[in-house]
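Order as written gives the chain letters A, B and C; numbering starts at 1 within each chain.
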Amino acid sequence: MSISASTSATVGEIADWLDAQGMDGAIDVAPDEAATRITGAASLACATAEQVSYYDGDRRSADLATSTRAGLVLTNEAGRQHLPRGVCCLVVDQPRLAFARVLERLYALPARPAGVHASAVVDESATIDPSARIDAQVSIGAGARIGPKVVIGPGCVVGSNVVIGEATRLLARVTVLDDSLIGARCVIQPGVVIGSDGFGLAQDNGVWRRVPQVGRVVIGNDVDIGANTTIDRGALDDTVIADGVKLDNLIQIAHNVRIGEHSAVAGCAGLAGSSEVGRHCTLGGGVGLAGHLTLADNVHITGMSMVTRSIHRPGVYSAGTPLDTNERWHRNAARFKQLDRLVRRVKQLEKRLGDKPTPEEDS
Amino acid sequence: MSISASTSATVGEIADWLDAQGMDGAIDVAPDEAATRITGAASLACATAEQVSYYDGDRRSADLATSTRAGLVLTNEAGRQHLPRGVCCLVVDQPRLAFARVLERLYALPARPAGVHASAVVDESATIDPSARIDAQVSIGAGARIGPKVVIGPGCVVGSNVVIGEATRLLARVTVLDDSLIGARCVIQPGVVIGSDGFGLAQDNGVWRRVPQVGRVVIGNDVDIGANTTIDRGALDDTVIADGVKLDNLIQIAHNVRIGEHSAVAGCAGLAGSSEVGRHCTLGGGVGLAGHLTLADNVHITGMSMVTRSIHRPGVYSAGTPLDTNERWHRNAARFKQLDRLVRRVKQLEKRLGDKPTPEEDS
Amino acid sequence: MSISASTSATVGEIADWLDAQGMDGAIDVAPDEAATRITGAASLACATAEQVSYYDGDRRSADLATSTRAGLVLTNEAGRQHLPRGVCCLVVDQPRLAFARVLERLYALPARPAGVHASAVVDESATIDPSARIDAQVSIGAGARIGPKVVIGPGCVVGSNVVIGEATRLLARVTVLDDSLIGARCVIQPGVVIGSDGFGLAQDNGVWRRVPQVGRVVIGNDVDIGANTTIDRGALDDTVIADGVKLDNLIQIAHNVRIGEHSAVAGCAGLAGSSEVGRHCTLGGGVGLAGHLTLADNVHITGMSMVTRSIHRPGVYSAGTPLDTNERWHRNAARFKQLDRLVRRVKQLEKRLGDKPTPEEDS
């Protein structure tokens, strides 16, 4: 069940919002429809006559579209065909994007008063913009600079000399350690740790000695960071998360990782030290990058793949083995350990039959 | 070393506790044994004459059983044979379950005073049952409803309109964001985040736009959630964790995941958006579920398997490759990239030898 | 960009520091060089004439060495050859280790005043050494003992009867639950949870019952623990992290795991219940250990490998499949499910050609 919207709007007003953002496509709303009041949003399956939904024309959801009771559906030309007669729709090029815009309006965050909660502990040398909100039990260190309209939710810890840009929100219980820089309009979910010491160790006759980590974390604008994700400070230079990067939950970003503009990383991924991800890349859930490698722009790695070498060409890359019944998997997995031998056995057979040798494949 | 029990009991009293719960099996205790006082619990290897242990008859632990010095062992008929003469035992059908019951009594949580700690910040519109305990530095938002005997440990953040059912315990530093519902008798370990925004993004000419997440998290009764696990709110509808589900540490539950009654998920697993897990399922450690798939009831996935398709039949499923020395692994792994070609080479050989073609296997 | 050092030193002073620690190797500094003032550290690529860097002679970084403008480089005989004439260097056996020592001096943590912050909530039965620092919004339970020079950063929760040894630092928002023991000189990053309940469950006719976890967590000296890592208390006996162990971020350590001295575990690894890791082992990122297995000393597991059996010999071990383009991977991965059959087909071919049967490989 969706939560309550903070505002309502008529279909006509929603059409105007989209129009104002150049997302009109083929919007045309009959006058009697324009007055329908929309009080919230829901999925095609659950939406009522007072709720807006969206449909991108995907055939797998056609059944849901055909039977929806939504009061308004944002859709495209392809999707329109599947909607029942009598369902009011606005036809746009990108229904999901239009839907996001409408949600932003209907579910606009309630304005909460600016100011510093009495229970917060703020170092006297920190600078807090008067339009910022510092919530209960927050701790802010010396020299920190908190920008306009920033929201620091309850239980957050902000270290010394941290800079947080305009309208960025730390939801709750976020830790940002000393000297980290965070841009504007970022959203940082609870439990995130930014600026922790990286895993920098030097061997000393069998004993690990820690190497002090003296780089920073630098995060651009419009970056989102999911719950309990960790981003280590650089060892010497900086760890850099560029503008528009989106990170899901429980991701590990090691020291000196660099992620390029508008790349997205799904949950449980791990990026080892000094790995570099290009722009417009996507890493699936649970993907692991070894250290000191580079991914070109527009590289896409499917879930749970291990990446041990640099990738220089755009494209989609994968690793892993398919799921099977445990019994069959056991038999096949055991053979994996004989693969090299098997290839040599086949080569031997080919030789016996007088085939010309098969050239080795490379990749 | 086990911690101190909060109470002690004689062997006779412990027999009576189990009896009262219908777990008596073949309990018979000699009168002189009944008076032995048990002051705590320990493993078979470490237990002293004042401690209770358990033995389920597993042959791999037979050596430990044979040499135990425990003052009392809960065991079954199979296990009884391995215990030394003179060790007092209670024979029950399910020794581990009986042991759990005894531990609950010996290590009953000390009753701590109800009430709201002076340092907690509680919105005036929140409802706190008088029997609940709100610990130091807790923050509770507007309209939250905290049920009877609930314990909110130190440093927790509870958002607006959150509802927490009777006797549920948030141990410490748990974050529950706005509108989440949590049932009764749940235990939620430190660092857990419930109700974070899911990874909902819409493409806008190469730039990711966030899609506001307006669903809720709904958690049933008797659900346990391990340390630093994250559960995202639904995008539109709810993320649902049903009654009796047990989640280990560092698990990622994405938006609109649904987990059925009495399923258990081990640590480091990741469930992508809209995946559905049936009832009485188990997911091993590090398992990854792709989005928008369904697991039937009684499906069991072994550790670190990647699941990319729905599973419609109960059973045990696996993926992955076996560990090997790095040197051998390198040789075999390289051949993985030639597998399709290898199969075709074998087919060619078979053809040359006049075999009838081998039909392709499907799965 | 590296953060500001807390102190500066001349090249001569740095040579003396290393000398005093027996790390002199072949230090010899011309008198005019000895006076150069070093105010911080940076990478070879970024260091200025006032900064120190290091170079271990690795050929892959030779280009960076050749063009460095660092005011001082710590290097070895091999590395010295690559540095430009005129760059001041100190030649030592272990440049990285020497660099760590120099960083410790240049970036020595500023002495912060001892004492308990006014916003901290400390049980009156807890013992806080007068030289310890307890920061804002910390909560400390009954009977806890906080040693000399310990730093408990903002937002930490320390449970009852916890003992923390000399000079250990909890950076921020760390949770240490009841009865945990932590040694001296440990560094624990934000979000870490120590002493959470393990995943101890007993089946009761299809319903999971939790088994109370009554063991402890015992952590040795000089242990480092990365951000958001979780360490469960033992079920009955203890979970043990020995002296000098280094744990990276987002690692799951289940109940009754034991990790031997000076082993290191990289991010996102998961160690299931009762697994035992020897001394001087390394586990790569994302490695998973099944429960109840043992790794000998000096075992090294490469990233993302699944370990399901004990390993009795030192060495490097691996699992997994190599990355490929998604298209090729699909074709090859499908064949993985036919591997056992493929081996039998090859055997058949060999038999037809009159080869003597190939003995099965074991491992």
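Here, a residue touches a chain if its C-beta (ideal position, glycine included) is under 8 Å from a C-beta of that chain, and two chains touch if they have at least 3 such contacts.
All values derive from a computational prediction rather than experimental measurement.
Undergrad: How big is the rotation, 0 to 180°, that puts the C-alpha atoms of subunit A on those of subunit B, in steps of 5?
TA: Between subunit A and subunit B, the superposition angle is 120 degrees.
Undergrad: At the subunit B/subunit C interface, shared numbers over all numbers used: above half (same) or below half (different)?
TA: Here the answer is different, because the shared fraction of interface numbers falls below one half.
Undergrad: Which integer distance in Å separates the CA centroid of subunit B from that of subunit C?
TA: One centre to the other, that is 26 Å.
Undergrad: Mind pulling the subunit B residues that touch 2 or more other chains?
TA: Residues 119, 137, 155, 173, 191, 228, 250, 268, 286, 320-322, 324, 328, 334, 336-339, 342, 346, 349, 353, 363 of subunit B each touch two or more of the other chains.
Undergrad: Spell out the residues on subunit C that touch subunit A in their complex, using ranges where they run on.
TA: 1-3, 5, 40-43, 45-46, 53, 94, 96-97, 99-100, 103-104, 107, 117, 119, 135-137, 153-155, 171-173, 187, 189-191, 224, 226-228, 244, 246, 248-250, 262, 264, 266-268, 280, 285-286, 303-304, 320-330, 333-334, 336-340, 342-343, 346, 349-350, 353, 358, 361, 363
Undergrad: Considering only the defined contacts, which subunit C positions touch subunit B in the complex?
TA: 119, 121, 137, 139, 155, 157, 159, 173, 175, 177-179, 191, 193, 196-197, 199, 201-204, 206-212, 214-216, 228, 230, 232, 234, 236-238, 250, 252, 254, 268, 270, 272, 286, 288, 290, 301-302, 305-309, 311, 315-322, 324, 328, 331-332, 334-339, 341-342, 345-346, 349, 352-353, 363
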